[in-house]
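What follows is a set of structures to go through.
Shared chain: chain A. Partners: chain B in the first complex, chain C in the second.
Right after this comes the complex of A and B.
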């Protein structure tokens, strides 16, 4: 195609190729995942001994969970899903040469790098960020933290996300190959599409919220103070985006789980249409729940009831997805390769987190467990650990495609089992502390919980060891893995019809699509109008 | 298809309406007891959902393994009946839980008319309580058994007054009044936590709640009224300095700020490099406007205090007494 592929270091810095940008996102976000994990190790070790001077001071504990939370959510989960997976997969899955605006795409990445640098400054400059990843005023305004760093990081991330959203929404709408109808899109594409819609609506609100924080702190305005302002305003604006941000992470994850489960059960995804409808309901309903973060903040009583219904009803479309995954396994042909193990492990952890999340959403229940370790346990199950694991599984799944090499299956499984066992147990004691009403963000916990905390820390270390083994496996296999065929999983999805790694312009000729990616075992002549069997695979060059 | 949908909706209503009456109609005199019941109900429901997901998950994974390289799963696109079922049943469960929690929440937010009303002011890092008789205490509260209402605010940043024993908490917000109530049903001493991140001293922001009989409470009121008249300045200062111990130790141990032990008339190096004597004038200046006299090597986090002259003298007398 057209231009020749550039090479060398410049090829990476000046690249506008979606696959290269994807890899840049992957490497950068993995670095922040590791940073987040290292901070978690230090925090968990500090908690082993309930003493204010043990290992790190209380001040530093607060700084560490702030950076841990921000690194994990803003610099790892969201960029790896909407930076790496979206970039790598969308053009390949819809049959396009690249995204709609390749240069804007590169700009998105470099703005993200800028935000990363600012985040690192936040750890080392004086006035370290100890405001929690939520940054509530008045503390973030009157306290010693250098809130400007937090605000500028969010601005850059926001600009990166908004331009990414415009880019990918346009790409999905306009660059689908002939025959790639909305009903034939991979669920991964649908999930990413929903995510970017949320980003487009929500991120500007977050940017506004933190900008006012900046004005209050440095320009003496009074948006959030008691001099005519209202500290709760920030909480409303912040959570208007930051709750849906959970679905920004969850929707692509739901899509990837569906693709992995279908491929490794070699069976059509059960209830494709209801999967898509459920995702779109979550996209919309996700904006109808944010006040659950203000259940005990002194908000109006009736508003707590209204948003409770939004919060708990979102459990219904989420439940539909879990049951559809189970039904996909039923009568499948299940192959427990590493990516599939991660998908199944995800379903297990996510279910535990989901059930306990319903409890959190029940306004009468939450009045006792709000801001306790119940919440810490809930979100580490439902999002932090389950979805990080699924992301690692997704990387394994597309690893042969990206690198043209196979990963080490034995090491993959070892990492998985360590992480799964660690993750299942590590946060369970936190539910018990939560039911006892023990607050989160405590550098010193009441001494009677030391036993539980030690169990939790031990299994955290095991989970993290699994994570490190997994990352090591990627590095090792990318350098010296066995060569991978174009389609090692016999998947019917479009990205597997091209060579591994894909050529510079992906498709020599834009393919014509005649079937959807889930038609495993489709009997001859079933559903006439859809045309030939295995249409995707038919376009193998 | 549409008929199926319609029947489902009718069946849903048939289930939801009576359930609403059963769960919604229930009244609990004590939200804490109501919370425990709600928790147990949730526990049963949650466990059932857990089983319904995990049993098929494990069973399918063991049963439907790939047998040969070319083995493929059955071709099934979906099943409308099943899909409606696992939409409808969760809706019913969610509505049941929601209605129950709504009733409970109403109990939490409707204060009984006979409640004992206490004013709470939170600050970095402690709670001040003013009893209906006007008695002020820091860090340790006494209330009579029975319903207690707290009218709460904050002096600096957002905090939260959490009493796990009575299953309740609510934020204290500067510039606003929030409220909560609980039924102090059993006499005893209970732990109070701050449950909203408020700074480095957050996890040290604890207090005690004493629930006593009506008679003991009356005695407590009398004693405190007497004490207020006969207190020496050092005693008054000690009481006021309860607000400082979140950041300053009284025994020389390290904390967010320098220890107050032996501080009086010592030499302090300020952030601008100068060295000053911590005499009475300096202490007063520092407490009133801490940002103007920053001590070297500490973060500028001490809040200013607007004490009356009497109070300021008392605090300084108390610091003097800490040798």
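Right after this comes the complex of A and C.
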């Protein structure tokens, strides 16, 4: 029966097992989530007295919003989705023993850790990074910041992402179990697939952008200076990846929402094919929107119109997904367990964020709100809060599978409601401030907005309290939760057909797939207990 | 315990552990330590101004990195597996590399197209050295044919013929790299054309440098293939195939380098 499972500390440090690597990714990215949240708490507290220096210096404020942004996007959202979820779920959902290149998988993780270390250096050492997570020249070249730390963190993350992308795209193409056709893949798999395509094409361009930044700073080259070069080039190259990076986060999230909604509504996902097509359209169209970050930077007029249309168009496949989720819920047998609450909360927050994004994409409106608190509010709704929340819900959903234990439902719901209430209100005042033209990233704000900012800070504390309760719930339940059955949600998806936690080799024998993961309500899937038997389970003789 | 188990996966036997030969490997960690030390040595040498410690650390980093890669490949070949997945992977990886060069060429065009003079007026006479570029192109394009002939030999089971043609390819590739180094030396020391001179020189050295680094990676892969020729058979030679694909890609990129970086500035096209 193969080799015995290795144990002890070596089994983690030298592991090439996708499930262990996934857990390593989860723990590391959660640490950076907490780092980002702590920085947020300090900044929100500083802003309680917005019109003068308070608690931290203005210079430190710049460092904090830089590391807050980088930690949340680059070290939390992307790694938790493409490190943790992709690693844990892809082999289980396509019916494989592991990924195509297990060693490369471990390499991806350790390079991510290297990037994390460099980011921490950028927070604590002299020459702290105060260049914003975007690192725009000329300030990043001429300013006091140690831009090399930023560049190398991006390089190591990029190497990690590209090797991950090659690994997982190859895995999904070549290691699907017999009968696991493209039309039977979980939408989570499709989302992660699209996401890795964006990583594959986008990350090298970002790597090039920051390499040229390094050359400008230390070799005296002229890429981004005004002596023949052009600082706008950096913005183009940067956003060519950094805007699609939003879809790197969003696509897997869309997939996870679909899986959770279908399971807890006990209904087939509405419009599977349209979901897949929408995801692939977003993957491609995601590369045709980046100039909306440069509307006021001095780009050519025609390009602003072209990219405005790209930006608005991407609302169409996104809207299709929201309507499909609602149609899936319609007349479903809805079970409001914690993961489902998070999925529904996500749909609400994401819709607010998404609609404000359409407004933001219009050139005329954006010229007014560009680089104001409107933008801060928009991306905290659409990306930061809604997607972080859904990620936490996704962790709850697969928690019994991973740990073999049930999470604490009461604590889970408490954390959810706190976060939802906080998240719904925390950034709303910023929309109003943005419309009034208050620029973002300023350490000192006008005194007349004190009331609004304090409301915002108060509700952000509530949301963060919810996050901490949720993380505490994971730790507590992983240690002392009640034992979980193999399939507590009666899902029809392949990962629930094996024991919880999954055995070392995932599947004793590669399964043969005869149906798709969403066939709820079919005769053989009828009845609660037998639900798991019919659909996605393997039949082999 | 669970009905799904009885019904499905647990009932079957055999096929155990396939694709899961490696559960523990020390090498990914070693390689990433090397990968982490290289930027750290740069940070020490440049921003922190500790150049001797930085130099020392970069030496350590390179040793760790190469040692790690060596151990890694050794481990793979100790298992004697040719799972045949890497051809898909190398195509995907090449797409990523193409995006990298796409970003660089995009940046180049973005700087060149609005410029009144290209190359800028302070560019010395005789730059770009088009004659040298033609010789370089001859080497590289020929090498793409020779490696292809080698692969055809291998497909007909002639490992010896493969080895011969591969060595010819390596010689051509090495000549390319050496001539490139000579060209850089000439430009910098004889013609006074260096990386921080103007926007054109900035892009010239960056893009030719990026390309040359890919040539060197390709050469390392080819040397490795020469050493591994014994293990190749008519059916099992994925490494040879992937090396060939990568080399053709490097060759194709060179054609873009020649047209955009050498020919257009030489003839001042469009001005």
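As a working rule, the second predicted complex is superposed on the first by the 521 of 541 C-alpha atoms of A that agree within 3 Å, B and C clash if a C-alpha of one lies under 4 Å from a C-alpha of the other, contacts with A are read in each partner's own complex, and residues count from 1 in each chain.
Throughout what follows, a residue touches a chain if its C-beta (ideal position, glycine included) is under 8 Å from a C-beta of that chain, and two chains touch if they have at least 3 such contacts.
Predicted model, so just to flag it, every value in this text is computed and none were measured.
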(request) Would you mind checking whether chain B and chain C clash or fit side by side on chain A after the superposition? (result) fit
(request) Using the touch definition from the top, say if A:331 reaches chain B (first), chain C (second), both or neither. (result) first
(request) Based on the superposed arrangement, let me know which partner A:213 touches: chain B (first), chain C (second), both, or neither? (result) neither
(request) Determine how wide the angle is at the CA centre of chain A between the CA centres of chain C and chain B, giving a multiple of 10 degrees. (result) 90
(request) Quick one: classify A:363 as touching chain B (first), chain C (second), both or neither. (result) first
(message) Contact-wise, after the overlay, does A:441 reach chain B, chain C, both or neither (first, second, both, neither)?
(response) first
(message) On the A-aligned overlay, A:59 touches which partner chain: chain B = first, chain C = second, or both, or neither?
(response) first
(request) For A:30, decide between first (touching chain B), second (touching chain C), both and neither. (result) neither
(request) For A:453, select first, second, both or neither according to whether it touches chain B, chain C, the two together, or no partner. (result) neither
(request) Name the contact category of A:156: first (chain B only), second (chain C only), both, or neither. (result) second
(request) In the overlaid three-chain picture, find the nearest pair of C-alpha atoms across chain B and chain C and give that distance in Å. (result) 12
(message) Does any part of chain A touch chain B in one structure and chain C in the other, and if so which residues?
(response) 227, 230
(message) For a test of understanding, state which residues of chain C touch chain A in their complex under the given definition.
(response) 1-5, 7-20, 22-29, 31-33, 35-36, 39-40, 42-43, 46-47, 72, 75, 85, 88-89, 92-93, 95-97, 99-100, 102-104, 106-107, 110-111, 115, 120, 195-196, 198-199, 202-203, 206
(message) Under the stated contact criterion, what part of chain A meets chain B in this complex?
(response) 52-53, 57-59, 62, 130-132, 134, 136, 138-139, 142-144, 225-227, 230-232, 265-268, 270-274, 296-298, 301, 304-305, 308-309, 312-313, 315-316, 319-320, 322-324, 326-327, 329-336, 344, 347-348, 351-352, 355-356, 358-359, 362-365, 367-368, 370-372, 435-446, 519-523, 526
(request) Enumerate the contact residues on chain B facing chain A in the complex. (result) 31, 34-35, 38-39, 42, 46, 49-50, 53-54, 56-57, 60-61, 64-67, 71-79, 82-83, 86-87, 90-91, 94, 97-98, 100-105, 108-109, 156-158, 160, 162-164, 167-171, 173-176, 178, 191, 193-204, 254-256, 299-301
(message) Please output the residues of chain A touching chain C within their complex, sorted ascending.
(response) 1-3, 5-6, 10-11, 13-17, 96-98, 100-107, 109-111, 113-114, 117-118, 127, 146, 148-149, 152, 155-156, 159, 162, 165-167, 169-170, 173-175, 200-205, 207-209, 212, 215, 218-223, 227-230, 233, 236-237, 240, 485-487, 496-499, 504-505, 507-511, 529-530, 532-533, 537-540
